[in-house]
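Working notes, structure below.
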Amino acid sequence: MSTPNLDLLEIAADAGFRRVVLDIEHNGYDADRREALVVAARGLGLAVCAKIEAPEPVWVQRAVDLGVDAVILPHVGRLAEAEAALAACKFPPLGTRSYAAGRSARFKAPDDDYFARQNREVLCLPMIETAEAFDDAEALLASPLVDGIFVGPFDLALTRGRTTYGFVDGDRADIARLAALAQAAGKPWWMPTWRPEEQAFVRDHGAAVRVVAAEHQLLSLGLKQVLDTLVY
Amino acid sequence: MSTPNLDLLEIAADAGFRRVVLDIEHNGYDADRREALVVAARGLGLAVCAKIEAPEPVWVQRAVDLGVDAVILPHVGRLAEAEAALAACKFPPLGTRSYAAGRSARFKAPDDDYFARQNREVLCLPMIETAEAFDDAEALLASPLVDGIFVGPFDLALTRGRTTYGFVDGDRADIARLAALAQAAGKPWWMPTWRPEEQAFVRDHGAAVRVVAAEHQLLSLGLKQVLDTLVY
Amino acid sequence: MSTPNLDLLEIAADAGFRRVVLDIEHNGYDADRREALVVAARGLGLAVCAKIEAPEPVWVQRAVDLGVDAVILPHVGRLAEAEAALAACKFPPLGTRSYAAGRSARFKAPDDDYFARQNREVLCLPMIETAEAFDDAEALLASPLVDGIFVGPFDLALTRGRTTYGFVDGDRADIARLAALAQAAGKPWWMPTWRPEEQAFVRDHGAAVRVVAAEHQLLSLGLKQVLDTLVY
Amino acid sequence: MSTPNLDLLEIAADAGFRRVVLDIEHNGYDADRREALVVAARGLGLAVCAKIEAPEPVWVQRAVDLGVDAVILPHVGRLAEAEAALAACKFPPLGTRSYAAGRSARFKAPDDDYFARQNREVLCLPMIETAEAFDDAEALLASPLVDGIFVGPFDLALTRGRTTYGFVDGDRADIARLAALAQAAGKPWWMPTWRPEEQAFVRDHGAAVRVVAAEHQLLSLGLKQVLDTLVY
Amino acid sequence: MSTPNLDLLEIAADAGFRRVVLDIEHNGYDADRREALVVAARGLGLAVCAKIEAPEPVWVQRAVDLGVDAVILPHVGRLAEAEAALAACKFPPLGTRSYAAGRSARFKAPDDDYFARQNREVLCLPMIETAEAFDDAEALLASPLVDGIFVGPFDLALTRGRTTYGFVDGDRADIARLAALAQAAGKPWWMPTWRPEEQAFVRDHGAAVRVVAAEHQLLSLGLKQVLDTLVY
Amino acid sequence: MSTPNLDLLEIAADAGFRRVVLDIEHNGYDADRREALVVAARGLGLAVCAKIEAPEPVWVQRAVDLGVDAVILPHVGRLAEAEAALAACKFPPLGTRSYAAGRSARFKAPDDDYFARQNREVLCLPMIETAEAFDDAEALLASPLVDGIFVGPFDLALTRGRTTYGFVDGDRADIARLAALAQAAGKPWWMPTWRPEEQAFVRDHGAAVRVVAAEHQLLSLGLKQVLDTLVY
């Protein structure tokens, strides 16, 4: 979702969707409305995945404090540079996440299993969308802080030296390599896929989750259909 | 609730509350946050009762369009004056509610039973808190537009000529009369009750719902307890 | 538009739309965001038509103060009851609109033609969506305060005794009568039309403006198309 | 103030202003920001006067619940039509104001003097800006619900048949008559005055309060001064 | 405070509180509402202490631009890593704070003493809640950029290898060490203390300020008390 | 602009201004209102220049995603430290900007020239307001990532060891040196100038753009003029 649209949330839940990705990175809605989206989505039975602003601890901490189910870190580079941000997803001793006596703890004192349970349940998914992360993907996947990867095909194409993303041979080879590394590491990989051929390809390469609809795309598709059927 | 506080909503749902009353009349939060409260509350399994701004069709329409479970109309006077507002709670032919292709219809075209179901399920509860409504309570309860009454003891005391509300004999007599009328009409009556003696009294007089906590009261009670136990 | 979505505004302007209808009646976004929509839409070259909360002077005044191009008054009844609201669209001596030294005056002192120009350019369009307005449509169209009518087919069907709106014979007869009255009065009529057969019908009956797309519909259409083409 | 601008509030308080008029009628900022303005203004020692949306009980009630010091009712007509709105400013038995256990009561149970004190301290000021109110000004001033009047010279000129407000003879005669009536009734009168000649005139006619600055005017004056002194 | 609740602010001021800590770190309310809180709190005579998002210059700058009385920096590590953030609290030549011609300067040109006065009056308080900061506490307290420390007992327990914070021996020893270091440096130390035994302990160890109430705790305490006394 | 004031935007556009600088650094308005400003300003034909929060990639990315015409980076130090932030202004292969399928791409798939066109048209302007940047100005201006510089005279004076900014000899010498370097590099330089002597000086030294009005200054100037002409 690219706007804090509660209507779309309800429409999507009714249509059978099970997960929603908040694209905070490129949109960044207000704190009030971000909180409203998370609370409402959980109430509607949708898992909430936050694509955060940047791969830094401050943004990870804000997402986990809201109680999201997964943190997607954009523009991650090599493991060594990303480690501080990745660590902010997990409580000590595994990481450095700070305890907040709020929404993510259901406004209650933590029980004995709270810290371990959160570390297990809140997924940490670095995006692989820079040439640096692509080169270091094996190390990233091996890190105990990382629960899986989220492939960002557009920026990956640009930073890997292609002029744009067109699901061409080079794109497919890169995606296939990441899929193989993820499977070797025994961890899931996710990817956004707008076109049928992308959807078939990533399914065949074992993607755990496919993100298949974007808000602007829905509006544009809907508008196109209205104009196509308009009687002048 | 007197502020659009999603935290309180979650705390209350976890504590076992089943209904929340939005006091829009005296607070009137922004449209965005009102919508967030309703969507979140329903997701959390809480019924949402909106005490609206005034007994006029425009405010009723806005509440039902949000998809609330009950509309509480403050400062209702005699039935004849209130009828336009009460009618706005129910679709034709019973009333005059306008159809909105939005949240209250789950963003879908209405099925065959939609209008009848909404008329049945969304409660219309005029408040009895003016001398005029008190005098006309029997007629109000007899109206097919009315599903029950909500007693407003504070304003009722003032408009009935008492200097304040103190749960004194006059207050109790008024409440008992309304309880008897409601039971005679076979319709429920609700009332806010902050004190144990009020709670026992209205339970014994057959109140269907007791509103037992107000946001400011919770903060003040909590603050008092902190100061009482503070080690100086 | 049913949400204050600036993205949709830009997408629609790029797609060649020339007018946007803000459905404040059934949604009622915050003042800040309503103002942002109006300023942005005008900047994008879109005429802004505000379907306001209710047929009362207070809501008309707020819309004209924002500087909209047309005010659409929902749930108008007979002319005699609606006259106060209609009058609030026009400055004296024609009506009772209050002068605001703000957005609608471009933050400047009014020039000699200002009041006449505003009365001419800002359209006052009562909706015909109740049986009372339908019966009194000739008088409404004859009023010098009225610049045209906006047909509300759904509520019209309900208040005229049909169980829902289905573009059936009764619906078509009502629309045709209103079209004939508008043409006789030499004033435009507008109508929302989602289906090709409606679009052809209202075009053939001389509608000046057809509203052809609703935000929820676009999202639902778009989502349906995504799911239809999804490769599982 | 025409926008919810906390900066202007602090600048004005520092410059020695003692009162601020919120022009909710023509602007209508969000509930959150309106509340912020009132709380901040009171903290800064500024009296808060709310020019409300319309002369109806619902808008009066919202203003007094916020804890403002004066309610200014626009577009009042004859006393008989305005009486319901004026009454909403005062608690029973004088009026019909509803008790709210919130901001206006400092979040506490009311003490013995609370209702009388509020009736005394929160001013009710109908605007005289329609021909009807002008004709009925003596009766309005005689009402025990009314604490004084606020002259609206612009709309008054329009509704009294002049083409605009220019502080011409007709304008001055109307203002002088209202001043005389207010003094005869022993109640204050207020007026906005942007020009020196207006300021001298209303001072000489005994105005209790002169509103001397408007937000847009300040920005325009400031901008003009910048451009006048700009070195090209 | 964990939500931007102006009601709680007024209730707390009336109850005699003198300071309010905005927990921006774990909550992060919108810019509008943050500004409203600061302006209102100062008006109410409450000192405003901002626990900011992260120990980085950008967050410090935003807090000091708002005109807060103290900046509390969470998750500080060793002095060398924190120095850039600490320096952003103080104008040159002591630090690197940027001059803003806005709220923190009362919207006026700075007088001769302005920069020195701000450096003196706006407190810079790093939190000691990581093992690194705990180890480097003496150096942090010796820095001329630092005006005192704020102990974060929960995260301190986790990062020092304890499974949770329980005010056990290890917790007490850590707190006592920090208290001794602060006293040796002649600088104040602050700490949040919810329980009587904590309150007594930190008082006996010379804490300058004890934070004794949290918003969620107040709501939960209040709710518990309502349920405890409820008559079923 | 220091507040998200759409009124000021329209007043300025009408007064003939062609550019607006959003001072996000010292004010930081909400995401909703920032977006509204950008969309409205572009609609009004004003170029939008965003002075962002800090010289870090995350803030640059948010500004370019909004579709601004220029990014002004405050508190830049030496080129080596600023390079990551500067690179975030430009798409690969020149920089590291991430592609967002949203506002900055007009919600459409990118055409062949999109990446090159954005790199050409969206200006990257580091501020020279620290001693480090002043020392490294030649290198900064030589970077292919940099399109020009924005001089920050106030902080520059402080960090260069002067007690304040007074447009004294030292200030003028620093500005003249930067002007000469910019001209040597063939790139424009911009500067805020409130006083006539500053305006003449920077014009004579070839500044490309002079920022000549600030919102608080306008309000204060306007208020002063009102008080100066007030008839007591």
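A, B, C, D, E and F are the chain letters, set down in written order, and residue numbers restart from 1 in every chain.
As a convention for this text, a residue touches a chain if its C-beta (ideal position, glycine included) is under 8 Å from a C-beta of that chain, and two chains touch if they have at least 3 such contacts.
Predicted model only: the values in this text are computed from it and were never measured.
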Neighbouring chains shared between chain C and chain F, ordered by label: A, D
Repeated interface matching D-E, over half of the contact pairs identical, chosen among A-C, B-E or C-F: C-F
Interface numbering overlap (same over half, different under half) for chain B and chain E: same
Centre-of-Cα separation between chain C and chain B, whole angstrom: 33
Chain D, residues touching no fewer than two other chains: 2, 7, 11, 30, 32-33, 56, 102, 107-108, 216-217, 219-220
Set of all touching chain pairs, with the criterion as stated earlier: A-B, A-C, A-E, A-F, B-C, B-D, B-E, C-D, C-F, D-E, D-F, E-F
Residue numbers on chain A that touch chain B, as the complex places them: 6-7, 9-11, 14, 32-33, 35-36, 39-44, 102-103, 106-108
Parts of chain E lying in touch with chain A, wherever the complex brings them together: 2, 25-30, 33, 53-54, 56, 59, 74-75, 129-130, 154-155, 158-159, 161, 163-164, 214, 216, 219-220
Complex interface listing, chain A residues touching chain E: 30-32, 56-58, 61-62, 65, 91-93, 96, 98-102, 107-108, 110, 115
Touching residues on chain C, where the partner in the complex is chain A: 2-3, 5, 7-8, 11-12, 15, 196, 199-200, 203, 212-213, 215-223, 225-227, 229-232
